[in-house]
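Every chain is named by a letter (A, B, C, D, E, F, G and H) in the order it is written, and numbering of its residues begins at 1.
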Amino acid sequence: MTKKLMKGNEAIGEAAIAAGAINYFAYPITPQSEVAEYLCWRLPEVSGVFVQGESEVAVGNMIFGAAASGKRVFTTSSSPGISLMQESISYMAGAHLPVVILNIMRGGPGLGGILPAQSDYFQATKGGGHGDYRLIVLAPASVQEAVDLTILAFDLADKYRNPVMIIGDGMIGQMMESVEFPEKYRDENNPDDFDWALTGADNRPARITKSLYLDPKKLEDNSIKLAEKYKKIVEAESRHELYHVSNDNQLLIISYGTMARICQTVIDELADEGISVGLMRPITLYPFPGAELYAEATKKNIKRVLTVEMSMGQMVEDVERYVVGKKPVDFFGRTGGIVPTPNEVKDKIRELLKPSPKAKKTKSSRKKQIKG
Amino acid sequence: MTKKLMKGNEAIGEAAIAAGAINYFAYPITPQSEVAEYLCWRLPEVSGVFVQGESEVAVGNMIFGAAASGKRVFTTSSSPGISLMQESISYMAGAHLPVVILNIMRGGPGLGGILPAQSDYFQATKGGGHGDYRLIVLAPASVQEAVDLTILAFDLADKYRNPVMIIGDGMIGQMMESVEFPEKYRDENNPDDFDWALTGADNRPARITKSLYLDPKKLEDNSIKLAEKYKKIVEAESRHELYHVSNDNQLLIISYGTMARICQTVIDELADEGISVGLMRPITLYPFPGAELYAEATKKNIKRVLTVEMSMGQMVEDVERYVVGKKPVDFFGRTGGIVPTPNEVKDKIRELLKPSPKAKKTKSSRKKQIKG
Amino acid sequence: MSGQIDVVFAGFGGQGIMTAGQLLAYTAMEEGKQVCWIPSYGPEMRGGTANCTIVVSDTRIGSPIINNPAGACVFNRPSLDKFVPSLRAGALLLINSSLIDTPSGRSDLIEVKIPINEIAMKLGNPKAANMVMLAAYVKATGVVKMKSLENMLITKLGHKKSALEINKRAFKEGAKAVSGLQVRDKV
Amino acid sequence: MSGQIDVVFAGFGGQGIMTAGQLLAYTAMEEGKQVCWIPSYGPEMRGGTANCTIVVSDTRIGSPIINNPAGACVFNRPSLDKFVPSLRAGALLLINSSLIDTPSGRSDLIEVKIPINEIAMKLGNPKAANMVMLAAYVKATGVVKMKSLENMLITKLGHKKSALEINKRAFKEGAKAVSGLQVRDKV
Amino acid sequence: MPGVKIDINYCKGCELCVQVCPTHILEMSKEINLKGYFYARLNEPTHCIGCQLCAIMCPDVAIKVQSHGTRFVLFE
Amino acid sequence: MPGVKIDINYCKGCELCVQVCPTHILEMSKEINLKGYFYARLNEPTHCIGCQLCAIMCPDVAIKVQSHGTRFVLFE
Amino acid sequence: MSSNLITTFKRPESMSDNTTHYCPGCTHGIIHRMVAESLDELGVSGRSVGVAPVGCSVLIYNYFNVDFIEAPHGRAPALATGFKRVRPDMIVFTYQGDGDLASIGMGEIVHAANRGEKFTTIFVNNAIYGMTGGQMAPTTMPNQKTTTSPGGRDTDKVGFPIRMSEMLSTLKTPSYIARVAVHTPLHAIAAKKAIKRAFQLQVENRCFSMVEVLSTCPTNWGITPEASTKWVESDMVPYYPLGLYSDPDREET
Amino acid sequence: MSSNLITTFKRPESMSDNTTHYCPGCTHGIIHRMVAESLDELGVSGRSVGVAPVGCSVLIYNYFNVDFIEAPHGRAPALATGFKRVRPDMIVFTYQGDGDLASIGMGEIVHAANRGEKFTTIFVNNAIYGMTGGQMAPTTMPNQKTTTSPGGRDTDKVGFPIRMSEMLSTLKTPSYIARVAVHTPLHAIAAKKAIKRAFQLQVENRCFSMVEVLSTCPTNWGITPEASTKWVESDMVPYYPLGLYSDPDREET
């Protein structure tokens, strides 16, 4: 394996090819247009399919149709474009179709800005579309991890027949880091390997890819089938990384994506000051590593749990839910394209750990913040 | 005030007129097309505007444009149609525009079915679109309340300059109940009353309705402005109803919309059996009456908290978050258009309250269920 | 009547099920009662079965969905099969014997057969069958006064004199079909 | 070099800022180091300022965003104003004196002025200014070996002989501009 | 002798076949089928010319047409 | 004498005005403006016929044209 | 019948034995049959995939022995694009109503046609939203009453009906576009020919092909099936002229 | 200049004093000026509302003394519909690029035109996605190189450029549709006339009006502003013929 220095956006494109996902549909949007600009010449080299759709609504449905073939399909977009795909995402989840969608998040709401943000956590993890469904959500923190998780994403999508979303911020997309790709690229899926792929009803009963069940019992059955799948996913696919977690930690940071890397620097620098802080970085945002968080957060030495996001506070709701009041949960975030600097985070932590006589130390500072 | 027997869908249409919201844009979708079928002849009688858009994407943007005028605007749809509006909803929230959107929820995901469901809770309350924004979400339980909340919705939208969503299930839309409308219908808004409405830059600086801020500081400022608004909303606008809540209650049900009415019957019938159960019905789903829930749920007599939804479990996440582990939180739900009957809910409660030697009573049954 | 009373009207599309149920709901409301009418609607296509539930109460109505109705007016065979099992003991079951030739098979119901189609045919308008059934139900249960029902009919049909007349006569026939029966206290 | 070293290259679009930074990143990677290059990109339109940060480290790199860089190569005046305040004490500041006539105003920096545009002009290709700056930075800090840098240049430009030659000479000139300076331990 | 076979359980009684039969030999039955429709039936089988017009118009593809010899294609 | 006034701080040096001037009296300056562009300037003011072509083509509306008497409208 | 009789007309192989949910006299059924016959005659049903719309024909997959995907409302051409691009060896078609194709799905059909996607679209224009209970469609005729145009379509307020075949045939990308009707047997025979040619061109990998079929909706038009066929002739055909609008073999203009 | 000089050409009142963010020589600026002049000349800028697209002209509101709404990408016609319907007394216009109007916003523009919405659309066709860095648009010319068609637009794979004016003028609903260009002063003068007439018709409450303006993108075309104007003439105009495509005064065909 040779190392390459690559932009995140391009590396992700190459990773899709490595995963045998040579069918790509997209509509341009900053800050991820480089994925398309890379794949538009790279895919023809591997006899792949590149289609620039007329809109994200169309693209969401192109991958829908393509996925029904049993082949691996990929799309990439950024926040407003992902919003436009919500109907099709709900449909694909309902029809148990494997697709991989990359969201290089930008500041919102609305047209917002084009700088890095993490404010689409809710949309990705709770389901921005209608109905009871879930996406598997992966959040890489480096270009190499973006490559690895892209490859994993396709495996998980096929394994569970469920859409998988990779969410990164603009940094992941624009950053160049050294990456390694697998020696051997995976071949395209063979549709005949699947008992659900639409390959033509030649000598077999016709197959239907659908989400409509006019009989409510059948519709509920589909939701139960989905829920059982999600249960399996929760049990088997939760991934996270711990950094500097020890029994000396006074505080536990929860943070994901590139934001978590900034927190690593925070932790290193605070360690120099003699302040011991650990980090838990969820790699899968759904399934959320909730049990693991509970275990870490409830350790005796941990005084507080600090969630750091590039948003006004989204993942923190899940953190609160899993910490179940055992420790105060605090939040620090910047948004709109502002990336919190290590210094800001350090200040926040110092403030939180300052022994203050009047402030009840066991109360979440988050309560005082905007919430609901 | 005279009483009228009206279908929920039509009553909501009339309520919008009563609120002075005589500008209506919609695309047909079961089970709410009657709103349009009612307003298409009723609005011309009051010199209102009725436009059937070409899609929900277009309709979401028609109300966007119309709202910028300072007049009151209304749209109605059902689950898949609401998914298609997510981009525009994020934009309207980002641009601080008052609009009212009704979602008569049907079974999902995907095309799903057309029968009643409550599986769009996440989408409505967490924001199905991108970026840090919130909708005010109201959930009526009767046709009269649908009328009252529709009128309230327009007031809240104007007061906070934020989109408001009313979510009901197919039952609310199809049910006929007796309703009263206000004696005096409200006049249309006068755009000149607002310092933000686009009325033409005649003798004043031009006004811009927008959500783009290329300077990240400004974009963050907008998110902070939004967050401060949401803080006010959380403080001032939380609404709920208690039913049969007393110190005898062994269990507290949390349920909203028509599902909560079914729970009322459950409570009445269980009372006959000597089982005391109380109900907390959130009327605002955002802001969620979290503090109030905490207060009720933590009362000594309450053994368990049961969330009942027509979904696979969505609001229950908020319930867990606010009960912060003080009491076990259970869930009962049916989905896909199946409306849980009082009997099913009663069975669930009897089972939960059964003194079982081996089951640890303080553990949430929800843990054993599908979750994540 | 006191407390809550509920009934299901069930048949196939075109039998006037919804209209009959709504007329009952209007009348109950006019009498100052709480009322809830809810249809069960099928797929977005035409045809098939149609049914609606009406709940009438002196106090606030809880569930609009009734597990075990206290009354059922069944207009065709599939509806009989569908609703009989769920009726509560002692419930009133009115069967359209013009289209249904089997009994319910339950012994704990008050069961009355009325050939509503034939009656309506005799009155000269087959479409009035639903009114025959409605009147029979109202007469037997007293859920609303017959007089109120007629008044509501006038309010709704006042302008259509001929229809009004036929329906009034349908009311009479329906009431006659259950004469002697009084289940007021049971339901 | 040991530990982590970071630097900002800043100027306006068209000055080859990104390319210089990337060449450094490639070289560091080739030397087996961990490396991260990150641009700061503006609005979706053309023009304006351009800058990138390069972090080189022997161990895993944390934050790609550097609060207080240990080095800055500034190509124009607005960049000087923007980055000088955030440089850490003792940082190396290379100033393009062809376009910047003011000093940093800080006394705790190692500050070197290099007229990169003029040097490049003399070499016969004004576009080589970025390479002059890059070589000066590499020479002064030893973040990578000069030889490695040249090898990387050959890898990237091997097929464009003439460009290769000019850039090689630019490297020499850049190195010369900081001869005697050795900040290896400081950054 | 050409003829048609109507599968009465597909028939929905729309009468489109009746309208188009050039020999006017189709009519609606007085009985209803399983679905409750009055279905179409062949009145005078011997007059059928096997022209297929009824079958072409039947939205429910309830009609099968048979004829002598080689396939008799009227309109191609 | 007709003439044009170029607001050099609007000018982005695109040269479109230079291309279209029928009397070839516009040229690019050797100095740059605040934004760093070489801006357009009038070389021989006396030759300007006030035809407005330069102004019509200027994407940055940097050019104002003045003329004698009533408004001279060339192309309407 | 005697033993030397042969069957000249029967249910096509590609059709399943299920009875449809369509209203009596609804010509969706005729069009289904023609699609099935075309697949049979071209021998491609074993390698075909249909894309179902949202509309009355959403359950079309129940009536075919052919693989199907169910698309979101209006998006069938996008799904067909996705599928056909990754499986160019298969035969792909969409079956769409006028609300589906001409209203919410306008962007998708125009762009699929313009990119020259090599699938076939059967466009069933019945001038109304059938499935949702008879609301106005972009194709609803002037003055036609619907549940959302109770006074009849007012062209001053909502414009004239859109003629999709005319519109799409202005695109320069080669295509096959024809408008046909099925309200009489003769029209139906021509319709069948057009549908078959549309599929034939796909088999030859030539171009995008679309057949617009004027269809009836007795239920929501509120008239009998027979009256519906008359209304197609009297009201629809004059506004929606039948014919060939675009053909890849035709000299380019 | 002597004192009896009068100003024959100056910045229109409706334009603000801000300098634009457009690249040197980008003709978006010329088109802005014409819109402002038209509003001035018709005396309506005080009761006008513009709808900005997503595209290079997203910041158009910074350059006008006119109220503006910023639309999501492609949806400006829907916003304009909403606004104009509730405020028919105001003058409403959208300003949209070709990616915005002809790609993602296809459905919205077709339906707004077909409903005959009484607003004005200025459609700036520069055959590319300017703002996002030069990707292929539906209007990109055959063989034109873009960042997503690095080998040039391959019409076999992605079809031919869409001609919006031609397409929209097939609609029966009355409208005013013209295609103009601004690459020479003479073309620009004609363009201004068309734009003014489009607004004039709105003032008279006549019909939907759209002016398609062929525009340049020197940056993403990778050539000088002057070469760009030449390319409009040599490559774009032949494919996108200039002229009047629809006029409410013209006899109906």
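Quick note on the criterion: a residue touches a chain if its C-beta (ideal position, glycine included) is under 8 Å from a C-beta of that chain, and two chains touch if they have at least 3 such contacts.
Keep in mind that what you see is a predicted model, and the values were worked out from it rather than measured.
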Going from chain B to chain F via touching chains takes a minimum number of steps equal to 2
Maximum distance between Cα centroids and chain G occurs for chain D
Chain centres from averaged Cα atoms put chain E and chain G apart, in whole Å, by 25
Taking each chain's mean CA coordinate, chain A and chain B are separated, in whole Å, by 28
Dist(centroid_CA(chain C), centroid_CA(chain D)) in Å evaluates to 88
Chain C and chain H have mean C-alpha positions lying a whole-number Å distance apart equal to 63
Among chain H residues, those touching two or more other chains are 22-23, 58, 70, 72, 103-104, 106-107, 111, 131-133, 138, 158
Touching at least 2 other chains, the residues of chain B are 30, 54-55, 57, 80, 87, 91, 95, 110-111, 114, 210-212, 214
Among chain F residues, those touching two or more other chains are none
Per the touch rule, the chain D residues reaching chain A in their complex are 22, 25-26, 29, 34-39, 41, 43-44, 61-65, 67
Residue set of chain H touching chain G in the complex reads 103-107, 110-111, 114-116, 138, 155-163, 166-167, 170-173
Counting only contacts in the complex, chain B reaches chain C at residues 3, 5, 30-31, 114, 171, 174-178, 258, 261-262, 264-266, 268, 339, 341-343
Counting only contacts in the complex, chain F reaches chain H at residues 1-3, 9-10, 12-16, 19-20, 35, 37, 50, 52-53, 55-61, 63-73, 75-76
So, in the complex, the side of chain B touching chain A is made of residues 57, 79-80, 82-84, 86-87, 90-95, 105, 107-115, 117, 119-120, 122-123, 126-134, 210-224, 226-228, 230-231, 233-234, 286-288, 290, 311-314, 317, 320-321, 324-326, 334-338, 370-372
